[in-house]
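All remarks here apply to the structure that follows.
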Amino acid sequence: MIFLLKPKKMFESNNIPAFEGIMVPMVTPLHSNGELDKKGVERVVRHLCQGGVQGIFILGTTGEAPSLKPAISKDLIEISCKETNLKTPVFVGITHTSLEVSLKLARSAKENCAVAVVAALPYYFALDQDDIFQYYVKLADQSPLPLFLYNYPAMTKSTIAPETVLKLAKHANIMGLKDSSGNGVYFQKLLQIKETYPEFSLLVGPEEMLAQAVLSGADGGVNGGANIFPSLYVKMFEAAKNRDFEKIAMIQSLILEISDGIYSRSPKSSSYLCGVKESLYYLGICEPHLAPPLSPIDRKHKEEIIHHLEKILLKIKSL
Amino acid sequence: MIFLLKPKKMFESNNIPAFEGIMVPMVTPLHSNGELDKKGVERVVRHLCQGGVQGIFILGTTGEAPSLKPAISKDLIEISCKETNLKTPVFVGITHTSLEVSLKLARSAKENCAVAVVAALPYYFALDQDDIFQYYVKLADQSPLPLFLYNYPAMTKSTIAPETVLKLAKHANIMGLKDSSGNGVYFQKLLQIKETYPEFSLLVGPEEMLAQAVLSGADGGVNGGANIFPSLYVKMFEAAKNRDFEKIAMIQSLILEISDGIYSRSPKSSSYLCGVKESLYYLGICEPHLAPPLSPIDRKHKEEIIHHLEKILLKIKSL
Amino acid sequence: MIFLLKPKKMFESNNIPAFEGIMVPMVTPLHSNGELDKKGVERVVRHLCQGGVQGIFILGTTGEAPSLKPAISKDLIEISCKETNLKTPVFVGITHTSLEVSLKLARSAKENCAVAVVAALPYYFALDQDDIFQYYVKLADQSPLPLFLYNYPAMTKSTIAPETVLKLAKHANIMGLKDSSGNGVYFQKLLQIKETYPEFSLLVGPEEMLAQAVLSGADGGVNGGANIFPSLYVKMFEAAKNRDFEKIAMIQSLILEISDGIYSRSPKSSSYLCGVKESLYYLGICEPHLAPPLSPIDRKHKEEIIHHLEKILLKIKSL
Amino acid sequence: MIFLLKPKKMFESNNIPAFEGIMVPMVTPLHSNGELDKKGVERVVRHLCQGGVQGIFILGTTGEAPSLKPAISKDLIEISCKETNLKTPVFVGITHTSLEVSLKLARSAKENCAVAVVAALPYYFALDQDDIFQYYVKLADQSPLPLFLYNYPAMTKSTIAPETVLKLAKHANIMGLKDSSGNGVYFQKLLQIKETYPEFSLLVGPEEMLAQAVLSGADGGVNGGANIFPSLYVKMFEAAKNRDFEKIAMIQSLILEISDGIYSRSPKSSSYLCGVKESLYYLGICEPHLAPPLSPIDRKHKEEIIHHLEKILLKIKSL
């Protein structure tokens, strides 16, 4: 099957969301010298495709996009798109403080047959709703690929207000939004947008909220843990979609164990990212190194991660 | 029926939560001179009881407790408890920066046959988890009534970490927690506590999250809108409990309209409180005045509230 | 000499500030059972008077006012005022979330011959400038003693904007403002108010900023370290007033050592308060106990405090 | 005179700071199509040089560096350096979330004979002190030009703690720090570093704090208003250096009028930048356009700026 994101008008007639399921915010495997671990990229992509995920989102926060030099971003787009062989859609993060740089990334995404781009707000200046609206309209007007909005106020300082999302959802080139705010009230307000635009995809960032979001009407999740356990998150999406509460409870317990045992070992800012990358390293999939300015967690905390990872792997096997 | 909150041990054997349903965070009706609108209190209590709510929570944030002088708090406890005539359980907010003042309020609650007390953290100094744990143990040890914790970091500066809640849930005199953080990840972590302590009641503050919280395993809500429309929130609780997704969608749409049309008209801090009190005033239930330091919103915004209220009343009638 | 704060009109003709010098935010000595250490209060007051401070400010943040029960506040006002014997003016903190409680404290201050009251904003609800202006006008209108404003956004959530201070400075019963924000730009904006109202006293909270504030035109400081070393801060005030840069440099180095060595040993919220109280305990002046909800720092950190205290005492002796 | 920043060892023997005076954070003149207004750049640079400023800092926050595409940054470095003709030292902002991009900018700065580079923290991820230290050591080790640190927590989320600055000040390639936090306590703590490293330059960002900072021992300011009125800020620096309190008071009044009348007209995030650029446009120096994502303020607010500018120009003339 060749995946192509359909033009928005088609969705409008169909009332189906532009994207549904698990879109993995893929890590960027790096060598210790900071260069791209290209073999690692290929293995991660294959791991995710085999796990049955509905989409791969490269160059997001989990992908450490802001920390990468342009050449790495370019290579990552090429290799990821090539490796999926158009069978799993690739979404490319183009978040940048410069509009021109974002558009350049979008053109590169298009050339490599990615299906859409994802953009958080420029993250240096705090913005008001007027700035935000004008910025996204400019970006969507000029992007050669459909655009997903990305709300992450902890990183970008500003929230895309529900009223602004409603106005932006009208734009023919804006397909959906990923919310990583963790704010349950905000997300419920966003969901009302689907009454007017059923094809507007609403995806939730924090995996701890995946099931409750889908039960409330969300279209899926962009969940970092799917780097390690892709099929687990796909199963959770399906369980929530099918309102299979027993299955949800079983998987939710595992997801919270991943969150606690793998992401939260160290108080360092890099704790979550180290958790994901150390797990993939343990599984033989890619190198564990982080790009500066994030520095690694202690050896003691790394050992705790592996200890929890082993316990979780056993539990998943016996699911 | 005479309601008595059972000793915690009984719950432990039964695996039923200490409290389930809608606990209304009751407004404090005030005259324009700042004195208690006693007839208003009686009418509000009757309005809530007739609406079928499972509990009445006086002296919370919606009750403007921190702004009231001690004599008003005392009168409010007496009148509310008397008016319910032990048929609807009364919960008394004892949040205060001084432990001694909190305990005095708890004793007054006990004397008037309230069933439990509710305490947010002392809200002047920022606290660490050690401070928080020690504080709540002191309070629970000395309180003559069972204690509900109340997490509201926007007001108190500090969050009661899930690990701290887990430790506190062991305490024989701590029955549950109300979370008003709006943080969806935090709430999912709290819900894990019920695997160990099924009788520990978890209630959600923001009404926009009521259904999703109950679907996820929460025991109910402490929702301000229930002051105006008590039976609507009771119905939402039941719909979520019964996993009646069609009904949930119908009521959720109304709850979001209340949130937008009644609470969010003005950018002022008092916007939500004015929305609730102006609505009750329009319905002939009590006076609309706020206690200082909150000042009222503009006349224009008040008119918008009434305009939306009328529309919502019509929609509720035709439910 | 009997000190009486002159009516504001007199200042206006004289262009002299309502208060000038060091106003010590006095600790509240407590026994381990939480009761007031009355002998300790007397000794602290004598220690401060002998140190030559220009004012004593009881029931502020350093005085843990929000954590005290009403009876302790009442006793503290009585004992402090009596012990100064009208020779050092006493300022009484009346900060409270309830306007009525603040006014009651102000009446108690008046009865005991305090010279003025000090009020930060009610600290539960976030307030806008309109709320803030109306609140302070209500308070100043009804207070039987002149009022000092107290800006401390880290504790109260809201900043009293310079424009609001300018409007409030006109009020006949508002004498000045203490700023604990630590914000250098804000403080410079406040200083412009003195061009219009030279008698309006501007005092700086953080002692690290005392000299620079006075060099810029401030009238003094409300500095916690003056509990331990009253005459050191009086000397710093005079050095800054006299633009004696050599002396300023010498004392500033000590003040920064106090800040680092005594206040900042522990990451706990109580670190500063423990530093002050442990120092006074070491000097044989009062008990070191804190009121809940603050819990004490570790023994190791207490030992570090004493170690630094001893070094600082030697340096002060050789000044 | 050809300016060359001396190697740090030379300063160490001399006890003179690496930089002293006013370093202007230069705006980036842009055409309405987003391209660089090259003639505008030349005119701004000449305007600043004629105003007698001690340094020109391009590609900072006022220079909207994060919003520019790489080609504009490159051109700006070339034109600015060429136009100063080595008579006024040029400092180049290399702040970026990617270390590699920062180093590339540093090499470009070196090639064009800039004297030093300035780097705030990478501004996407929040960092701890360990991350911060390691990051700056990596940057300083590899930068071909001396490095100034730049503390701006409102933009970068993290503060460079005084202890970390002290450790970094030892590095042979780190010359000083610009602080835009506005935090008076923090700045006093930084000043202690000069006791150990007198040659370490400490510069203050907010111009409202320029005089008080220099009186306290700072080496100068990086003040946006110097784009419009370069000689005014140079005079303020000199007045503070000479402890000429009468002159300081006179100029401080103007600086606060600039802050209020030109920077604070609109609540929009772009208010300050619009104020500076509209003023330069009015003076015939360069185009007023902003780079996205900042959007312009209202026409009404622009008119207010010009009204205040005209008043201030008259006052400056009569100084």
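Worth pointing out:
As written, the chains take the letters A, B, C and D, and residue 1 is the first residue of each chain.
Throughout what follows, a residue touches a chain if its C-beta (ideal position, glycine included) is under 8 Å from a C-beta of that chain, and two chains touch if they have at least 3 such contacts.
Since we're looking at a predicted model, the values are computed, not measured.
Shared contact partners of subunit B and subunit C are absent. Comparing mean CA positions across the assembly, the chain most remote from subunit C is A.
One simple way to say how far apart two chains are is to compare their mean CA positions; for subunit C and subunit D this gives 36 Å. Subunit A and subunit C have Cα centroids separated by 50 Å. Multi-chain contact residues of subunit A (touching two or more other chains) are absent.
Contact topology of the protein chains: cyclic, one closed ring where each chain has exactly two touching partners.
Pairwise, the chains that touch each other are A-B, A-D, B-C, C-D.
On subunit A, the positions that touch subunit D within their shared complex are 34, 61, 66-70, 97-101, 121-128, 130-132, 134-135, 138, 155, 267-270, 291-295. The residues of subunit B lying in touch with subunit A in their complex are 182-189, 192, 195, 206, 208-209, 211-213, 215-217, 243, 245, 249, 252-253, 256, 259-260.
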